[in-house]
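Some notes on the structure that comes next.
Chain naming follows the written order as A, B and C, and within any one chain the residues start at number 1.
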Amino acid sequence: MQEARNGRYVRSYNGLWLQFEADSCNLSPATKGEGFFVADEKRLMGPDDIRRALARLSHEVVERHRGAQDLVFVGVHTRGVPLAHRLAGNVSRLEGVHVPVGVLDISLYRDDLGRRASPVVHPTQFPVDIDDKCVVLVDDVLFTGRSIRAAMDALMDMGRPRLVQLLALVDRGHRELPIRADYVGKNIPTAMSEEVQVRLQEVDGVDEVVLLTSATAVTA
Amino acid sequence: MSTLQPVAEPKVTQTGGQCRRHLLDLDDFSPQEIEAVMETADGMREVLGREIKKVPTLRGKVIVTLFYESSTRTRVSFEQAAKILSADVINVSADSSSVSKGESLLNTALTLQATGADFLVVRHPHSGAPYLMASHLERSGVINAGDGWHAHPSQALLDMYTIRRHLGRLAGVKVAIVGDVLHSRVARSNLWGLARVGAHITLCGPPTLLPLDLLRGAGAEGGAYLPDTVAVETDLDRALDGADVVMVLRLQKERQQAGLLPSLREYCRLWQVNPKRLERAKPGALVMHPGPMNEGIEISPAVAHGSQSLIEEQVTNGVAVRMALLYMLAVPGREEAQR
Amino acid sequence: MSGEAILIQGARIIDPSRGLDRPGDLLVCDSLIASAGEPVDPASLPGGSRVVRAGRRWVACPGFIDLHCHLREPGHEHKETIATGTLAAARGGFTAVCCMPNTEPAIDSESMVEYVLRQARATGCVRVFPIGCITQGRQGKVLAGLRELAEAGAIAFSDDGNPVGDPHIMRMALQYTVGLGLPIINHCEDHSLSAGGVMNEGWVATRLGLRGYPAAAEEVMIARDIALAEMTGGRLHLAHISTAGAVDLVRQAKARGLAVTAEATPHHLTMNDAWVLGRRDGGAPSPQPLVLSAYDTRTKVNPPLRSPADAEALAAALVDGTIDIIATDHAPHAITDKLVTYEEAAFGISVLETALGSLMGLVHGGLVDLPTLVHRLTVGPSQVLGGRFDDLATLRPGTPADVVLFDPDEEWTVDVGQFASKGKNTPLDGCTLKGRVKLTMVQGRVVFDGMGGAI
């Protein structure tokens, strides 16, 4: 989800406070680290690739858990949520049981508050008690690991699961914390100057994974 | 993404980050920003519903409430919001501090900033006091918790949030604001906020409790600064006609003593919101009051505690909305500010 | 020609006292005007004489006379002194200032008048004429010794800052001074209407949630005073009128042939209440958000900055003579008096050093012509005081050389840090004005030289 603005692209993920009126006095315009000149965009996965990756991941989860007993998918807002629903749907079809999906908002647990626009906080919703459940955290892109750290803190405030595992559609490397994924859809080696975006039908109207290269990286 | 190029040099905040540093009034809020506050307040209500009402969001932030006027609900509401978000809260009231020794507002504010306060939540009897502070503070953010007759933005946002929760929208909603409009910061902030999201507002009160420029109508020089969705009415029945929401303002009894009203009896008869008058509004119209109420004066007990009253829910929503505001205002840490 | 002479060459000479407006030279010898308008050959001057070559379109005219300013001495020397205030006056082109008696103690006795005159002789660099109180201690209750004050040197009477609220006392003041030729200057403000008001009542006050001070609070008392002046035959001068309604009242009184005069200030003529919002424009109502610099306490003044329509009416009245003079109401304050909320802030603007620059805005805007403006700053004040300063308000040869030379077109940015006045309280700080004083002379002595190396 990108908007062209004054000739530059400002990344606008779900919930980012949008641009405010520039003439207003006590606001600072735009953002740091949230936008950059996009020099190049390369598609790494299409709809079929994503569908196949999720099908394989569903099988892996079922295999590892020997079924779907006590399994809960918890999607990390925003794009982890539709992914969790798709995975739960796959697993339900495979195993013939209903698999609940939780929604986790990690905004209140982030460690970068004040460094950028505060994203809108959404209610965290769990249809079932997660005490003693096997929780599979679902996120779109695994990068520094900081979001997952926040997600685990948020999760622990909601109950005491028996087991927590991590599933990411894309692992782009560059971890800053001792965190790894238990299930990975696709490993994509990247440079720091690049960005991986997962776009999903439910949020963005299209299923794809793209690699963005910033202008600085190109000219450098 | 630390290596990505910033899109613009920040103006107010020392680091980047699209942060609003001060909350002074709603006049500079965009509809999107108001919507963002409303949505985030939903998320905060979820936290309020948890068994353990505590999240680590504002750990290490210091929030000072500085009240030059007595207040229970606003101060407690901010304090609770800050504590649920794990901020440290220090309460300063004017009568137990160096304020009573004659220290000026500005010096008090600078002192509190020097002690490391990230936010000053200020209430002051003089309009514009938060602007004075904000224009001289380099590091602390200023949150206006009510200044004179001018503004009370967090109250207006919680009023709007309450309406939105019940009606599902704000655009096109017809709101009657009834009572002492002239002296009301709540009316003023609601006016800006509600107008910004497309609500229709009717201000109603005795002619002596309406600003003269509004009383003389939009045709006069005055009206042009207001959105055209604002109407002024001195007749309560006409103001309530078809209203979705009735917002009742507090009437200070001193107004009668100051000669602005002939008698409280006459005020009650003509402008009190009671069950009979409320029939003019839409069936099930929402009734709100910023508190504290003078039951039997501006609002009858039957309405204040009736089925249409949201007055208690306003208080609960106040905590959620103020959590949302504190969260969204989160300032950069001190090291970053020095950079 | 014994002493040194000063020749101003090639200026536009404006002398409203003689209807003179022509390019020419101005020669000052022995502290007197020697000639004005006639060409002077520099070679004919004695050695040691100074020749000032005026720039293109520069104006030489009689020094300005300010009928209304606050020098704060004695009692408030942290805000201003006669020394700093008169220096500010010189920088503003004023060669004579009349100081209001709201000092501590108030100038309500012969000894206080004498004190001010003595201080002025010792420390002032322009002429200072004290105004005495109307009532003792400016309390509005008992008349001060008006005739004794006059004998001591007071040139007018005023309780400025306070109105004379009691109509009976006002009547007595006007009646007691009949025949004296000195005006009673009233600050017209009906306190029961203005109580607590800090700015003009109107949309801006509503917008800011500030208590309004309605135009009627001023007009009600003006109407009263005009009736009392008519009844008594007393000499009434209305201080700092600020509203269109006040202008109408004065116009009607003059049409009836009453000896009523009125002044307006540069700020009421050129600013409006939208300046309180931090705006610096025409003041049209608009819904734009407040900026951090709203509630600019430097705009707080009594009477308050009024609506744009009021400012327009004042300018028109200045042209048609309904408003006789421009007076600064220079009201210096300490920084701390303004670093507070708008409600707490002191009333008053430091005006002397920006007066010409802001008034020239009226000329450049085509509202007033330059000779009229000069008239309202020179001949006008002299006439209000019964003609006693006619020698100061003219360039007639043989009169004292109180002269100002200014460039009507020089653009400069107001920097209060450069003010001679202790009062840095002006919302014009940082604004660019067009029109600047270059040289001020009192009695042939240069008291301000703004020409740097150009001489």
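As a working rule, a contact is a pair of C-beta atoms (placed from the backbone, for glycine too) under 8 Å apart; a residue touches a chain by one contact, two chains touch by 3 or more.
Predicted model, so just to flag it, every value in this text is computed and none were measured.
*Asks:* Weigh B-C against A-B on C-beta contact pairs and write down the one with more.
*Replies:* Result: the pair with more contacts is A-B.
*Asks:* Of the chains present, which has its C-alpha mean closest to the combined C-alpha mean?
*Replies:* Per-chain C-alpha centroids compared to the overall one single out B.
*Asks:* With chain centres defined as C-alpha means, what is the inter-centre distance between chain A and chain C in Å?
*Replies:* Centre separation, chain A to chain C: 70 Å.
*Asks:* In whole angstrom, how far does the Cα centroid of chain B sit from the Cα centroid of chain C?
*Replies:* Whole-Å distance between the two chain centres: 44.
*Asks:* How many angstrom between the C-alpha centroids of chain B and chain A?
*Replies:* 35
*Asks:* Which residues of chain C are in contact with two or more other chains?
*Replies:* Residues 289-290, 292.
*Asks:* Mind pulling the chain B residues that touch 2 or more other chains?
*Replies:* 22, 24, 28, 134
*Asks:* Residues touching two or more other chains, restricted to chain A: which are they?
*Replies:* 21, 24-26
*Asks:* Any idea which chain C residues touch chain B in the complex?
*Replies:* Checking each residue of chain C against chain B gives 201-203, 205-212, 214, 284-287, 289-290, 292-295, 307, 309, 336, 339-344.
*Asks:* Across the complex, what residues on chain A touch chain B?
*Replies:* It is residues 8, 10, 15-21, 24-37, 105, 107-110, 113-118, 120-125, 153, 157-158, 192-193, 195, 214-217 of chain A that touch chain B.
*Asks:* What does chain B use to touch chain C in their complex?
*Replies:* 22, 24-25, 27-28, 104-106, 124, 126-129, 131-132, 134-135, 147-151, 185, 188, 211-214, 221-227
*Asks:* Write out the stretch or stretches of chain B touching chain A in their complex.
*Replies:* Spelled out, the residues of chain B in touch with chain A are 1-8, 10-13, 15-22, 24, 28, 30, 32-33, 36, 39-40, 42-47, 50, 52, 54-58, 85, 134, 324, 327-328, 330-333, 336.
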